[in-house]
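I have placed the structure first, in the form of structure tokens, so that the comments after it can refer back to it.
As written, the chain order gives the labels A, B, C and D, with residue 1 at the start of each chain.
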Amino acid sequence: MRTSVTPSTDPTDYAYTHRLRVRFAETDAMGIVHHSRYLPYLEEARVEYLRSIGHPYHEIHEAGTDLAVLEAFVQYRLPLRFDDLVDVHLRMAQTTRTTFQMAYLLCVDDAAHATAVTVHGAVMNNRPTRLPSWLGELADQSGI
Amino acid sequence: MRTSVTPSTDPTDYAYTHRLRVRFAETDAMGIVHHSRYLPYLEEARVEYLRSIGHPYHEIHEAGTDLAVLEAFVQYRLPLRFDDLVDVHLRMAQTTRTTFQMAYLLCVDDAAHATAVTVHGAVMNNRPTRLPSWLGELADQSGI
Amino acid sequence: MRTSVTPSTDPTDYAYTHRLRVRFAETDAMGIVHHSRYLPYLEEARVEYLRSIGHPYHEIHEAGTDLAVLEAFVQYRLPLRFDDLVDVHLRMAQTTRTTFQMAYLLCVDDAAHATAVTVHGAVMNNRPTRLPSWLGELADQSGI
Amino acid sequence: MRTSVTPSTDPTDYAYTHRLRVRFAETDAMGIVHHSRYLPYLEEARVEYLRSIGHPYHEIHEAGTDLAVLEAFVQYRLPLRFDDLVDVHLRMAQTTRTTFQMAYLLCVDDAAHATAVTVHGAVMNNRPTRLPSWLGELADQSGI
């Protein structure tokens, strides 16, 4: 297991926040958001984060690198419900030469509903490759 | 609108049946299968039908043709629920030189829960192309 | 089939527009948005439309009425791709005592990528019931 | 983090196997199964496992207990592709008075494509409750 980060439940520990609203299609017969639906929320937040720092995903892809998901971990603390406004807080958590981790905190009205970690690997032609240099530097800047 | 077929609610009008079981992840907060989840059921049944007549989808794709979805229509009659065993009955309904229609009936314990029609177009390099000849002949054989 | 409306491809024919961005999780191996993923887009737009006219869905539900999907029709004209900004235009299209239809136009950069119609029935305790009066009046106001 | 199990990559370490086939709707624009789609595979396998040992999910639910997902961890080793036949091997991994863990190995043609762990809590009226006794005994029987 590469996941080595324990995500904080304090929103001020995160560098970026993306807000989204829960769709009815994402709920299940327990009346709450199905646990599999959190992963697309994390992905949407990552994409918006990368855009916000000047690296829209298609530019990364066109530069020849893809960022494959190697691991995902979610801890479900409180349910999410239809129409909830969810703040997905995220930060770059750790990098190696070819991988990086991101940590997430999902809040509704500032209450922690879930935490998560994803691990990603840079891939070129289906083989591991060095992270783009700006990605490696991101983790350094975040001081972690 | 190309859809021109009214699907029968009599299972004996259909050429092929694929059985599947409803996943919990496919339900919504009304306690029933979300209406968007029927389309993957139809797709799964199409894929199994094509395999059953000797044309697994990857062979069609490798022969250079893709089958794009042009239209989809679903009529929801009775809800589907978690763990239901659903019989997806289907038949080739009509073809033109470049398109075909399929009709569907979804039953649980022989009761009609939904009917549907999908229209597909043969596509090569993103442009409409003739249907593979065996596909055109299928509709002829079904006598419709 | 209750669907009786032909959706216009002119955005100015629609009363409301909801903008959303395509998630990577909604694409498929053809590199485009999977055809089943359009239905949650329509639903998200409906929910925002109802909120915009002062009827958030949970108030309708708490007043004892649910709005079941009876039929859905989608015509796929041009593919949607990851990260596209999609304008979902919609309008109330027709009502009966217990049902209403909505028409949709999905555009990217003002080009029509899809049209759709959904038919909904008011349901109370799983039985058809009269539409809430404000819903019936909506269609009248739209002059259709 | 409650997840404390390292799933084996040897299929013979698992008590139960459920086979499923990848749907086209589960792929993404990288041409592989989207990482969020593995969680419904695990869920489907859990449901079939519980049925196989005489405890279909609806009986657990009707007895007043729900099994909430508290945590999920997936390690993606090799991609899954459209039409792959996937063997989901699973075993009860560890229990406490109110929770249990399950470990999973996903194989295609006996090659390990993913491993996973889920943690579940027994819930009655939205509050943690003791596991049903047969569930606690399962872990004992598996000798782990």
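Methods note: a residue touches a chain if its C-beta (ideal position, glycine included) is under 8 Å from a C-beta of that chain, and two chains touch if they have at least 3 such contacts.
Since we're looking at a predicted model, the values are computed, not measured.
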item: Most distant chain from subunit A by Cα centroid; value: B
item: Pair sharing more residue contacts (C-beta pairs) when A-B is set against B-D; value: B-D
item: Distance from subunit B to subunit A - Cα centre to Cα centre, in angstrom; value: 36
item: Centre distance in Å when subunit B and subunit D are each reduced to the mean of their C-alpha atoms; value: 30
item: Multi-chain contact residues (two or more partners), subunit A; value: 24-25, 36, 39-40, 43, 82
item: Subunit B - residues contacting subunit C, complex; value: 1, 3, 6, 30, 35-37, 39-40, 43, 66, 68-76
item: Of subunit A, residues touching subunit C in the complex; value: 23-26, 39-40, 43-44, 47, 56-58, 82-83
item: In the complex, subunit B residues that touch subunit A; value: 24-25, 27-29, 31-32, 34, 36, 81-82
